[in-house]
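What follows is a set of notes on a single structure, which appears directly below.
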Amino acid sequence: MPSEDPLLVVTAHPGDFVWRAGGAIALATQRGRRAVIACLSFGERGESASLWRKGLSLDEVKAIRREEGEKAANALGAEVVFFDAGDYPLTETPELMRALIDLYRRLQPSVVLTHAAQDPYNIDHPAAREIALKARILAQAPGVPGEGEVIGAPPVFCFEPHQPEMCGFHPDVLLDITPVWERKLAAMHSLGAQGHLVEYYTDLGRRRGVQAKRNSGPNLGLPVDAYAEAYQRIYPQVTTELD
Amino acid sequence: MPSEDPLLVVTAHPGDFVWRAGGAIALATQRGRRAVIACLSFGERGESASLWRKGLSLDEVKAIRREEGEKAANALGAEVVFFDAGDYPLTETPELMRALIDLYRRLQPSVVLTHAAQDPYNIDHPAAREIALKARILAQAPGVPGEGEVIGAPPVFCFEPHQPEMCGFHPDVLLDITPVWERKLAAMHSLGAQGHLVEYYTDLGRRRGVQAKRNSGPNLGLPVDAYAEAYQRIYPQVTTELD
Amino acid sequence: MPSEDPLLVVTAHPGDFVWRAGGAIALATQRGRRAVIACLSFGERGESASLWRKGLSLDEVKAIRREEGEKAANALGAEVVFFDAGDYPLTETPELMRALIDLYRRLQPSVVLTHAAQDPYNIDHPAAREIALKARILAQAPGVPGEGEVIGAPPVFCFEPHQPEMCGFHPDVLLDITPVWERKLAAMHSLGAQGHLVEYYTDLGRRRGVQAKRNSGPNLGLPVDAYAEAYQRIYPQVTTELD
Amino acid sequence: MPSEDPLLVVTAHPGDFVWRAGGAIALATQRGRRAVIACLSFGERGESASLWRKGLSLDEVKAIRREEGEKAANALGAEVVFFDAGDYPLTETPELMRALIDLYRRLQPSVVLTHAAQDPYNIDHPAAREIALKARILAQAPGVPGEGEVIGAPPVFCFEPHQPEMCGFHPDVLLDITPVWERKLAAMHSLGAQGHLVEYYTDLGRRRGVQAKRNSGPNLGLPVDAYAEAYQRIYPQVTTELD
Amino acid sequence: MPSEDPLLVVTAHPGDFVWRAGGAIALATQRGRRAVIACLSFGERGESASLWRKGLSLDEVKAIRREEGEKAANALGAEVVFFDAGDYPLTETPELMRALIDLYRRLQPSVVLTHAAQDPYNIDHPAAREIALKARILAQAPGVPGEGEVIGAPPVFCFEPHQPEMCGFHPDVLLDITPVWERKLAAMHSLGAQGHLVEYYTDLGRRRGVQAKRNSGPNLGLPVDAYAEAYQRIYPQVTTELD
Amino acid sequence: MPSEDPLLVVTAHPGDFVWRAGGAIALATQRGRRAVIACLSFGERGESASLWRKGLSLDEVKAIRREEGEKAANALGAEVVFFDAGDYPLTETPELMRALIDLYRRLQPSVVLTHAAQDPYNIDHPAAREIALKARILAQAPGVPGEGEVIGAPPVFCFEPHQPEMCGFHPDVLLDITPVWERKLAAMHSLGAQGHLVEYYTDLGRRRGVQAKRNSGPNLGLPVDAYAEAYQRIYPQVTTELD
């Protein structure tokens, strides 16, 4: 499986992987990499206000969010695994941790994406991040029980929160997602419950694109109307060339 | 000349480019890239204590430091340009600025290396950085007079100061310099005036190497006894793939 | 109830709302606003050393602290609700969280006050803050069960810790409490168990007053001997005029 | 004059007051306040690339930028004073400082707007800020020569840089500029040399508007499609009420 | 017992007190102070990869780590108390907390050493720190049950993490450990499971020694080839003389 | 002279060494150490508002400030050297720098005190600090001309600014000045031009005293009504014992 150079995305809710990392996911799958989304909850309580206002039951809300999430993952060429761990609050449990460790070891991801460290607007985002990082470290230790091989030290990137400056998010990396913008747009449109955000994230994609253009030399050849996503590294970049 | 993908290193003193960036320079030249060192002074007052204690004159000190610097650059396969702008204190002048802008435009560097933002042990290091960054910005503007084409937006990396934690230096990037370690070592040995630092920087190279190994996935294939140099980006990395 | 423009103050212990926010509370009630203090514990273990040294039982300590707290709230024109959740350590429980969400929804506060993010001298202060912020976010979501309407996004202000610089507290807002200083003083005096702090907080009130005077234009008309309290915002101020 | 409650905006270049503070200026003048823009240079070298590419002379560039700046100020209902101090680099001189101190004392501003502390993309922005803040402090001291009365302590707000996260800009204040959006748009369109930025700043206005909506209670009554500008305070807010 | 001026070291795993604080411990015991290490786990899962790869059972791993830890403590002249609270993850429990509070009160430490605030490579390090700091605060309160006298406010020092810059560690204090370097070396060699780290920490000791030399006046009389350990204070230093 | 263990205090204005460092100075001289104050200006423009309002001439203001400064230094048992370099703005010149380097080399200070890094209320404070730190580094280099021996690396402490939280000041060190409080008080009273600050700094002394008491173990034996001054280190503390 390591030959697939897999991307693992750990998010609290289905919307997160679309708005914040849809471009990175589509880029990876378009290049033949495997992308797996570990979606810890359905966002049934915290991210589904419009469904609750319609009077739906908890199970109905979850079913709709699952369907939307699968449609979105599909649009990005990715697999999505729902852990159904509950949201608002999303809480760490030994079972959830074990399942996630197993996924890390089975998948052997070469890159991990997850939430930023803080979010004063959403309590599940930092919780999901803590769970993702903790499971990654536990999956590295031979002494921690579970099937499969321990993992190495895949780099971790935080994707951009909704109000980045309030979340201590510093955009270290600007990823050119112009080649897959249409696929991200399609994935965004499949999230019926939060349709009003498509414009916000389209603006953001363009804004980050302008900045990517402004911060890159001619070698990358970014178009004038590029789209980009911003990321922040948790660990130092290890490289064999400065560029 | 852009086809040479040139590296520009702006330092206050000759020692700086050896101790702090010798590996990056040697890596670049080994791959056929051009590397030019803009050495703003000879470090004649601030970095040559042992020569002064021998009773040499200012001109003698400068001559020795020039020779050492050229030898070191040679060992790294790089060109060195001395601006002889004086040190302790190194001061910005319109002439120095103009000359540096000209160099930027002539060279069209694809990457720039310079000092970190602070250094409570050395007043010239932050001064050289300010000069380097200011000249880079001025060289981008068509309205600023001078020959040659304006430059684009080459990324800038700060190399590691002597006492990094006291300088606000955060190691964002670990560069594997194992393939050129012997050349860095040779360059360090050519700096007679500061021979006692070779051990300190050899230890540091190994230390950063261990950390590089610890922070990288298997794809990079770093050896157990890797050597590395640490860098900090000033601008966000622009990329077409997360890895 | 929204017409009352209510102020909600969430604190770990009874003393906290007096020393740190007594002026803001008295200002609000003097202007006809409702002020409700959610006091999560009686500070029976962590904030009552002198009572324990007298050999009182836990229930006696709690009864005394409750009485003091009610007297202090009274002096400020506020209501106090004791949650009796235990202190040293104060711990989040589902019951506490539910009760606090209910209070948020019932009260519909237009402003929330609580503790700063860190306190290396007191473990309950950051815990109370986490609980306050978490409950506020949960109370906003229609999917989270409970009675009453969901709340909006009331601004949150942190009040000043005992040793502010050790707690990462940055005074963003200086509130002129001169008009209600006597009422704050009276409230402070009603806290028998910690009488030695009155001088410390009187000095602080004067100190923040001098700073408020120093940082304000003539329009506010602060007196020379003003008293003030310092606060730190968690969310950006939203306004229709810069002043 | 103090009865006019004047707003003073100190910028490096003509574009700055339009893109970054046009809304605040228009809001002030619409409410009958006086707004004066101290524009330290014409942005003739650093902000006029397209004019230079047309082969215009320095004087021609300056004349065009002056005209554009006046047109933009006019659209905002403000006065603009050009100091013609040169740009790229903008440099502090005793004459410039004296002239600015005089303006502070003559105008007696009740609010000051200027650049953020850092800008790794533009060397004049932090320079203009330093000059603005220094002159404000000097204008407060009776011992500093010059005509007119010393000033008080008007609050200072930094407006938003082009790439805010790279400039250490933290949005403390979101100013609702919906009522004057059309005037800001008109001012932006009068800047011929930089027309491509109108879309970028329209997106930004909408983005900050969404955030303002998200961070405000119902009392402010922001519309769903609000426009906002972000600001950062240098000094603590002094107030008589928390809201 | 207070006359012994005891040092308390709270660590997650046996290795921690050797690599990171072995010098401080040996210095204390050499001067006749008592040193007690509260080792919360055996590091059986997270710090014993080589033992697991040999196929040992959990009990065998723990027994080996206990023996190594005792040997190392012995080499440093210190006592070690194992709390066997489990690792990877190390979790706070009421029992662990109670036992640690008792130790604080029994020992009445005059100095406490523990982990830094963050560690993105190890989940137990920050957990152990939280437990250490929390127990110290609880042990100060007369209202918290337990035997013995409440403690005062012993200063707390964080020892240096493996990759300090990634852990927010800032070296505030450089401790000259030259006189006890041989004892630290002996302790390091007694940790069979992690022998490859001896070189890394010897390099680090020399590196911190060079920096200690560089940052000290002649009064301290540090040798040229000094060894040092770096620490970070959590509370301000209280002193009767600046030096 | 080194046997005198001299203290060097570099300040912008006469008031600074009294309000901010009077206790440290008096403590040093009481213990037989030499204390020299390098007062770069008379604070004639920026710190003498009341004298200007009386209509005095520049020379009269300077004469009064000189006299006050000498009286205050006398009360503290210290020598004061006035450099008369002008204030508001205080500007670095080669002459000032040379004179200060000479003083460093002549005095061979074992400790240096100066201003904090920022001060948004006073432009001379950060300028004086820059000059003090720059001269200290230049005085260390044999290549920098001047009489006397080069100096070592005396630790530098920043004293507390008027509004510390606005100046990025973090109180690292709390110095017990109880034994010399009366002398500091006497020195404060000798500063006629700024009499209104005595109360502010008396409150501050008591406030820092309470904090010193709260942060110290029993060994230091601080009294309940201690007075203290806060300081911030620029370089790491080098020590042979943790306490």
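Each chain gets a letter, A, B, C, D, E and F, in the order it is written, and its residues are counted from 1.
Please note the rule applied: contacts are C-beta pairs under 8 Å (C-beta built on N, C-alpha and C of every residue); 3 or more make two chains touch, one makes a residue touch a chain.
If you want to know which protein each chain is, UniProt gives these names: A, B, C, D, E, F = 4-oxalomesaconate hydratase.
Treat the numbers as computed from the prediction; the structure is a model and nothing was measured.
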item: Shortest contact path, chain C (4-oxalomesaconate hydratase) to chain E (4-oxalomesaconate hydratase), counted in steps; value: 1
item: Touching both chain C (4-oxalomesaconate hydratase) and chain D (4-oxalomesaconate hydratase) (chains); value: A, F
item: Relative to chain D (4-oxalomesaconate hydratase), chain with the most remote C-alpha centre; value: E
item: Duplicate of the C-E contact set - from A-E, C-D or B-E, the pair where over half of the pairs recur; value: A-E
item: Of all other chains, the one whose Cα centre sits farthest from chain B (4-oxalomesaconate hydratase); value: C
item: Geometric centre distance via CA averages, chain F (4-oxalomesaconate hydratase)-chain E (4-oxalomesaconate hydratase), whole Å; value: 37
item: Centroid distance [mean C-alpha coordinates] between chain E (4-oxalomesaconate hydratase) and chain D (4-oxalomesaconate hydratase), Å; value: 53
item: Per-residue multi-chain contacts in chain F (4-oxalomesaconate hydratase), two or more chains; value: 121, 171, 211, 214, 235-236
item: Interchain contacts (touch definition) - all pairs; value: A-B, A-C, A-D, A-E, B-D, B-E, B-F, C-D, C-E, C-F, D-F, E-F
item: Contacting residues of chain B (4-oxalomesaconate hydratase) [partner chain F (4-oxalomesaconate hydratase), same complex]; value: 44-46, 48-49, 52-53, 58, 61, 88-89, 120-123, 166
item: Residues of chain C (4-oxalomesaconate hydratase) defined as touching chain D (4-oxalomesaconate hydratase) within the complex; value: 2, 5, 7, 24, 27-28, 31, 110-111, 113, 152-155, 157, 171-176, 211-212, 214-220, 222, 228, 230-231, 233, 235-243
item: Parts of chain B (4-oxalomesaconate hydratase) lying in touch with chain E (4-oxalomesaconate hydratase), wherever the complex brings them together; value: 121, 163-165, 169-171, 200, 203-204, 206-207, 210-211, 214
item: Touching residues on chain A (4-oxalomesaconate hydratase), where the partner in the complex is chain E (4-oxalomesaconate hydratase); value: 133-134, 137-138, 141-144, 234-236
